[in-house]
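Here subunit A shows up in two complexes: once beside subunit B, once beside subunit C.
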Partner chain A sequence: MTTGDSTPARRYGIGARTPRREDARHLAGRGSFVSDVKLSGLREVAFVRSVVAHGRITAVSVPDDAEPGSVWTAADLAQLAEPLTATSTLAGFRAAPLPNLAADKVRYVGEPIAVAIAGTRAEAEDLAARITVDITPLPAVVGFSDALAHNAPKVHNDWPDNIFATTSGDVGDVDAAAREAAVSVTREYTMNRQAVVPLEGRGVIAHYDRSADRLSVWSSTQTPHMIREMIAILLGIEARRVRVIAPDMGGAFGSKCSLYPEEVALAAIAMKLDHPIRWVEDRWEGMVASTQARDHHYLVTAHAAADGTLLGVEADILVNGGAYSVYPWTATMDATMAAAMIPGPYRVRNYRFRTRSVAANKAPSGPYRGVGRPGACFAIERTIDELAHELGLEPYEMRLKNMVRPDEMPYTSVAGKVYDSGDYPEAVRQAAVLIGHDTWRKRQRGVPTDSRHRIGIGYGSCTEQTAHGCVEWATRGLAITIGTEGARLEMDATGGFTLSVGIKSHGQGSETTLAQVVSEVFDVEPEHVTVIHGDTALTPRSEGTFASRSMVMAGGASYGAARQLAQKVKRIASVLLDEPVEDLRLRDHAVVGRAGSLGYRELAKEFLFTPDHVPGIEGGLEATYYYRPAVETGAFSYATHAAVVDVDLDTGGVTLLDYAVVEDCGTVVNPLIVEGQIVGGVAQGIGSALLEELVYGDDGQPKSSSFLDYLLPGTTEIPELKIGHLRTASPNTVFGMKGTGESGAIMPPAAIGNAVTDALREFGAQANETPMTPQRVWTALRDAQDAMAPIAETVS
Partner chain B sequence: MNEVTVHLTVQHQPRTMIIPARTTLADLLRDHLGLTGTHLGCEQGVCGACTVLLDDLPVRACLTLAAACEGAEVITVEGLEGPDAERLRACFAEQGALQCGFCTPGMLLAGYYLVRGRQPLSREEVCQAMSGNICRCTGYNAIVRAIEAAISQGIEAETAPAQTVPRSSGAPAAGTEE
Partner chain C sequence: MKPAAFDYHRPAGTAEAVRLLSDLGDDAKVIAGGQSLLPIMNMRLAEPAHLVDVTGIAELRQTTVDASGARYGATTTHMRFEYQLVPDVTGGLLSRMAAGIGYQAIRNRGTVGGSLAHSDPSAEWPTVMAALDAAVHVLSVRGMRRVPVRDLLLGFFSTALEPDELIVDVEVGRLPASTRWGVCKTARKPGEFAESLAVALMEHDATPRIRQPRLWLGAAADTPVRLAGTERLVEGHDVDAVTADDLVVPIAADLGADPGAGDPAARYVLHLHAVTVHRALRAVHEEVSDE
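After this line comes the complex of A and B, so read on.
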């Protein structure tokens, strides 16, 4: 489907910077989040969680005076709900059932063990504190070397080792490339573990309404329909009896798109109670028991010719997936994405990789903005800079030389990804101009050698696959192959529009952008379109909001529904105005013909109140459309980021002096919202690069489980960004849109890592591990100065 | 559980509350008065989502014991009114200073305190002043711009009308705001 007819640009349609429809309620403090929902008889839940990373449960003792129905353990839950098992079609994949409440073994600090219910959260916590759990500790598996050691303790006893799955590939002839190369470099990179940290934690309410025979579950989830189906399956009931509602959500970024044990446990328990129950995650729980992210290690070797042509890349990728595979993504999601993204936006034809997804006694890993790409981008982009340095090239020239060119689009990468459109080199050129490359180079050279500061410039480029269809998910082994979205559009008897979509907007402003899609077709202000989302009883089946897919997929579905309804509206008008359909246009709340016009309000009233006035037109003033992209390999956004840093040689402190982004996400629906996605993503990427790290002790104890010791970027850490835009419509999507929810978060570690390394070139120190904390940078500097020995590299 | 009686004024309305002694101001507002606009992002005093005005000063409601608020005046986002509040809200919407809206109440209260101060502030000063409020969605650029804009509009509104917008109604010039 394409935009087809030559609709002139609409005032409030695609591309309009319309204000967000979500703002009024939030600015008034009238948002309604899970913790704000008011239900009569509602009681509150506190979880008892493991304080041991790895151990055997020997006893769970419930206080004798606990009221019946107020405490639930694994034994109580066993008959009520199956454990969740995420499976994969990847060869050799090892599944591990994820218990709703731990029964015999605990595998991470924070794993839920029992449920306590009371009138208030404080009282529920009092009760939880009186439930005693005896655990015999076992040695914990924490880092890669622990997990992969020959005699390593096993996270899952029935596995031969601690590996969820291994994947590998060998395309072209990397060995020949190595022989031909003028320069080869080998580097190791680490992107440490992070928390996702939506400001609102997770939250669940469950209530079984006996008279309606309906289980209602409110959850702060990106995927209400998926949660509904899985709760039904695990509880062994038909999904028709389950309704999932996702009310306002305080962000998610991927941490709320897996099915969680808390959701299943509350749903199962609620079926046995005659009152609703609610659990609201507190910050400690968020830091230890929500899905975590990153925790990657790369060994990369790259080969280049003397003129800078990239000849081949080898990558050995390790991802620490934590204790369990989450549904539906599994613990292999990051590794498979990273392997696909190591070749980056480059024309390299020889590529060999291996990935191993490793189990450890940490909270399960799940999706987080960028999924695998920030690590892969950090690894390949740092390597590009190392090659450029060896060859005496400006790193951005190395990029320009090797990037896929616009005349090569669509381009199938060496990893089999089909880059659909864009001008990758132009993004680099513009980023260099935007950041003021030459000026900064001059300033850099002007820094006196006895100064205790250095300036560095760094770039990071990436492509981002968005809105991919079934094919892509199947290649990555997912048991459910995602790729369809539905939308239903109704015109009511007063001429207003209600658009129902199954995705869940949680900060992206889809109530605005999807209304703009309707505006584009019907030429009405977005405020005449109510967008319903996040309620399975009110919306068509859907897969949810993740993978930068909602605008393209739900936008495609909304456009399909709007076009169908528009056709019908014109047919009705054709009868009422007595003009042929071809002569009718939709303009400013009305169907306009050559002779007459008819407002939507009159048309709807006429058709719905007195259908006999409109003979020959079938009933109903609504349309439902399911969108499935014709090309399922996705629409690739891309960008180049440029960072300028100051490094304090005495403290290792890194300060961002300037930051520029040049991005292309195809046709933009609302510039205000796209810019928000970019800046917000970059801020999270700066957190990855410089601040955020979930530290685990050797015993598996999380050591950064509050905002006091897990550093989030604040106002003073994020400079005012310079943003440049390129606009290449995707040939694969409605309007040429590409997703852009994740892009911003991908490149900052690469650009900043390259900038810090650039600043420290004269000392031979490199920034190869995130976050680049003062201590890490200072240590790298000291080690480099101590050693003054070249790092593993061969120059032939 | 020990109970205490607290007298306080919330959105200019006097209240007498009998509450468990351990109740925080945030829980009093949210659970006892249904004012759920005050959000809890950490309950550790770091994120600022729970910011309210307590006797005109921005404080963290999650770390404030309700029992310590005897005689105090509390304003939450729901009760934040007047020209400064409205221009701040308008600037937030115009700049794109909110996405999920979870940090927004705290940002508004902390920002309002700056706008009402009628002091011109540099970008750095605004960033410093707002550094105790975490937003995970917006990346702050738009929030900082919105607060800067609202501060200047507030200052302009205070000085401009007397000279440039003659009014026949005889309304007092200073403090007359659009």
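After this line comes the complex of A and C, so read on.
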């Protein structure tokens, strides 16, 4: 199913198709998740949550017979922990402190109000049901028009309106581009709200060990070090007293890289209890109280010359960020990313944008695979197709014409992003070949006009900034600028390796890929490398796993540590073999010289058990390295997806007939894992495109908070993918790697939206809103036919 | 999302089961496959104090067949219909419907009696059993009674069963060789509940003519709906001469809906029912012409 694998230089190093080591324990059911942790005296937590979207809390009544320490309200917690406040340096940004438990007002259904603790979760739910909360409902702010209305109710009373922040930019001369253009199109696009839905929900255990004076927090989190530091700050204690452990995780996709009220509340309460407490998110809580995503609206105008040259783009972007800003990303995260990504992989030089991040009575938005890009990609790529249609061009030719060319790299986009490397047009050309463009066009033309089905072909292209450093986060206003990663590598007395990294592999196979980095340097099988991650007591400080950064950043750090340790190992071997360091190579578990060789096991034993045998070499057989890339603008992955759909004209149903991906994530560390990331990402992108939608009523009630109503893609919705790879090494990273975790999820709405629109061109219907449900597609078709009918009559 | 506490009973026979139901009254709930009840209990939308598990009762798993039809034990699972591990007296209709219920894991546990007692109008069994004019035999301490499915289903999650009554089997008449069936289920994806569910039965006369149609529609109202007006409209027409659009107005009339509704969702739903019924009609025709 793939093309273009390269041959790795090392058997188990960079490029090796090594099976995921993690799979053995997970397939055998031997993983250990938060729910599996066994601690003496552990009691379970249920949260009392708001069932009202917007309202004033008038009373929280605790049952008289509740055991001491079994119920906690905002009043109890006020003395123990500060609310979480995400700040931003963006001009005019309005902070919205996120309460650990709601005190005076509730702002979304699912907002935590009180904590109930009992021996089992069922008993905790019994107790929670006996805590009564009186709420006077207020009018809810739900959609964009509610939020922006002149006399809208306010989510945050002290704000003048419901806008977290407005950003804008005007580069080049869009007005001149408009005057010069042969064609201009204006379109509106909506990408509706989604849940993130990892297989495993969130979960937290907190335990204060009085003898060690240490608070231990187990959390299913992508960012254990960040959680540790923020818990310490909010609890007003030194971080040395806090240890955060992220055990095995069943996915996260961004929903577990913000600090949550549940983490702070459990940590604060545990400090007052003599027993550990655990909360495990249930699926309803996951659908209403984990961070949600997308909820974008775009008004895009694009101008093109008669030959298809893209002259200018204007975008007015709205993002509904929900009730609060999550830490550290803030509610502006999606909008600022979307504005930067609207120009896409194109050479456009005139660009004007405005973004408004809007507050509403919905769960806070947070990162989700792709962050902002799926919406931006949908908006610009649909617009590219509309321009191509107006100009009578094949949409993929429009892309080829306008994409940044390889000889222009590095290329600074009109939005100021530095595209580092790659051949963007080649991905389009290869995708067209892989999907069999001409064959499908022939089949499409062969569909009889009286058929109740149509075929459509669509493309979506995007660049994806990955592993960006401090400079990027600073430009987006973040209070913390992220950009370093640490790794520590030790060789033990038996010649085995332990690599400790602060990132958290929550399903992406870093235990395999980071071991491959060590293998690349030391030429050992990954089985000889233990990768420790996700425990702040055992790993160097880290920022965490998000933004498609772990392979590049933690991989860079691991490589740095491995090279330092390798140098030391060679120096030791130089003494023991009596050969100069420059003559030594690391091969197959051994240091190999011109005359002799020494296995790692013997070397380690000699050096650690009998250091007097190795005179002149300082102690310690380990190295710690912090990686911060010299160029911090990121390594840009890119891809073109091509989709072929069948549209049922009677039901509006869309079926994927074929799907191809041609991507470039630079040097591939493990093709199996990269393909897994692509397939998983595309699956989620298909969910965005066709199925998944968190529907809210006018009163702010979530109407699709179970899998009865919230549809996820499954095996029957995901076709066999055709995947092709380009491998342009990034000049900015170790090995030339580029991140690839998010890429697959970004383009499916664009490619599928363009394919559906292509299928319906003869009727004049367009797919401009996701998910493209049968009802939306059919309604668009009927409305277009209704609109055309009177014209036809007039003509006749 | 954990159920409230309940007492669990697992009687070995129907007499013991109905005695328990009688003794426990309104606080008891019969559980068979649990595929609907358990999620509802986990969400605490139902908090029965007692569960009476009838899956240990061998007689509820038995099927008897004679020339007139079959009596399927109430705890016969969807899977057994799907793979025809019980005789299908409807020429494959029961098997076909069962195969569309949920996913395999659900079909392995869910039961025909449980589905009828649950009375979800989007589910397969209520619509097909109503179309076939099946009946349930219901036991209580007062004795056995026979209730036609059309009378059993009173509304969404509501039936004519008394709290202490237990469905013991489902009686389905044998479909005559001259009767053909066609079904269509429209759902967002395989395994989901139907957005529309149509069962068409008609007499076969070796022409594309629609003869004596019986049309039933699920997922359209609180209970399955017989489309009597639509039947009259299509009677005697060639199936190829009927379009889905032709069916919108009569189906709306049968459902008591407004065919000119401006609301896009209502407009779509009505259209989807018309498409689904149309496809069920065509499916009958296609089955016939395949022979």
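In this section, the second predicted complex is superposed on the first by the 780 of 796 C-alpha atoms of A that agree within 3 Å, B and C clash if a C-alpha of one lies under 4 Å from a C-alpha of the other, contacts with A are read in each partner's own complex, and residues count from 1 in each chain.
Everything below uses one rule, namely that a contact is a pair of C-beta atoms (placed from the backbone, for glycine too) under 8 Å apart; a residue touches a chain by one contact, two chains touch by 3 or more.
Small disclaimer: the values here were computed from a predicted structure and weren't measured.
In the superposition on chain A, A:Gln775 makes contact with subunit C only, while subunit B stays out of contact range. In the superposition on chain A, A:Asp213 makes contact with neither subunit B nor subunit C.
In the superposition on chain A, A:Thr716 contacts both subunit B and subunit C. With both structures placed on the common chain, the touch criterion links A:Val682 to subunit B but leaves subunit C unconnected.
In the superposition on chain A, A:Ala129 contacts subunit C only, with no contact to subunit B.
Of the two partner chains, neither subunit B nor subunit C is touched by A:Glu408. One of subunit B and subunit C touches more residues of subunit A, and that partner is B.
In the superposition on chain A, A:Glu67 contacts neither subunit B nor subunit C. Shared-chain residue A:Leu708: touches subunit B and subunit C both. Contacts of A:Glu200 after superposition on the shared chain: subunit B is touched, whereas subunit C is not.
In the three-chain superposition model, subunit A touches both subunit B and subunit C at residues 120, 122, 282-283, 706, 708, 714, 716.
Taken in their complex, subunit A has these residues touching subunit C: 120-122, 125-126, 129, 282-285, 650-652, 691, 706, 708, 711, 714, 716-717, 773-775, 778-779, 782. Considering their complex, residues 1-5, 43-44, 186, 188-193, 244, 264-265, 267-268, 271-272, 275 of subunit C touch subunit A. Chain contact summary for the complex, subunit B toward subunit A: residues 20, 22, 27, 30-31, 34-44, 46-47, 49, 76-78, 80, 89, 92-94, 96, 98-105, 108, 123, 126-128, 130-144. Those residues of subunit A lying in contact with subunit B across their complex are 19-20, 22-33, 35-36, 38, 120, 122, 197-200, 248-251, 253, 282-283, 506-509, 672-673, 675-676, 679-684, 706-708, 712-716, 718, 720-721, 744.
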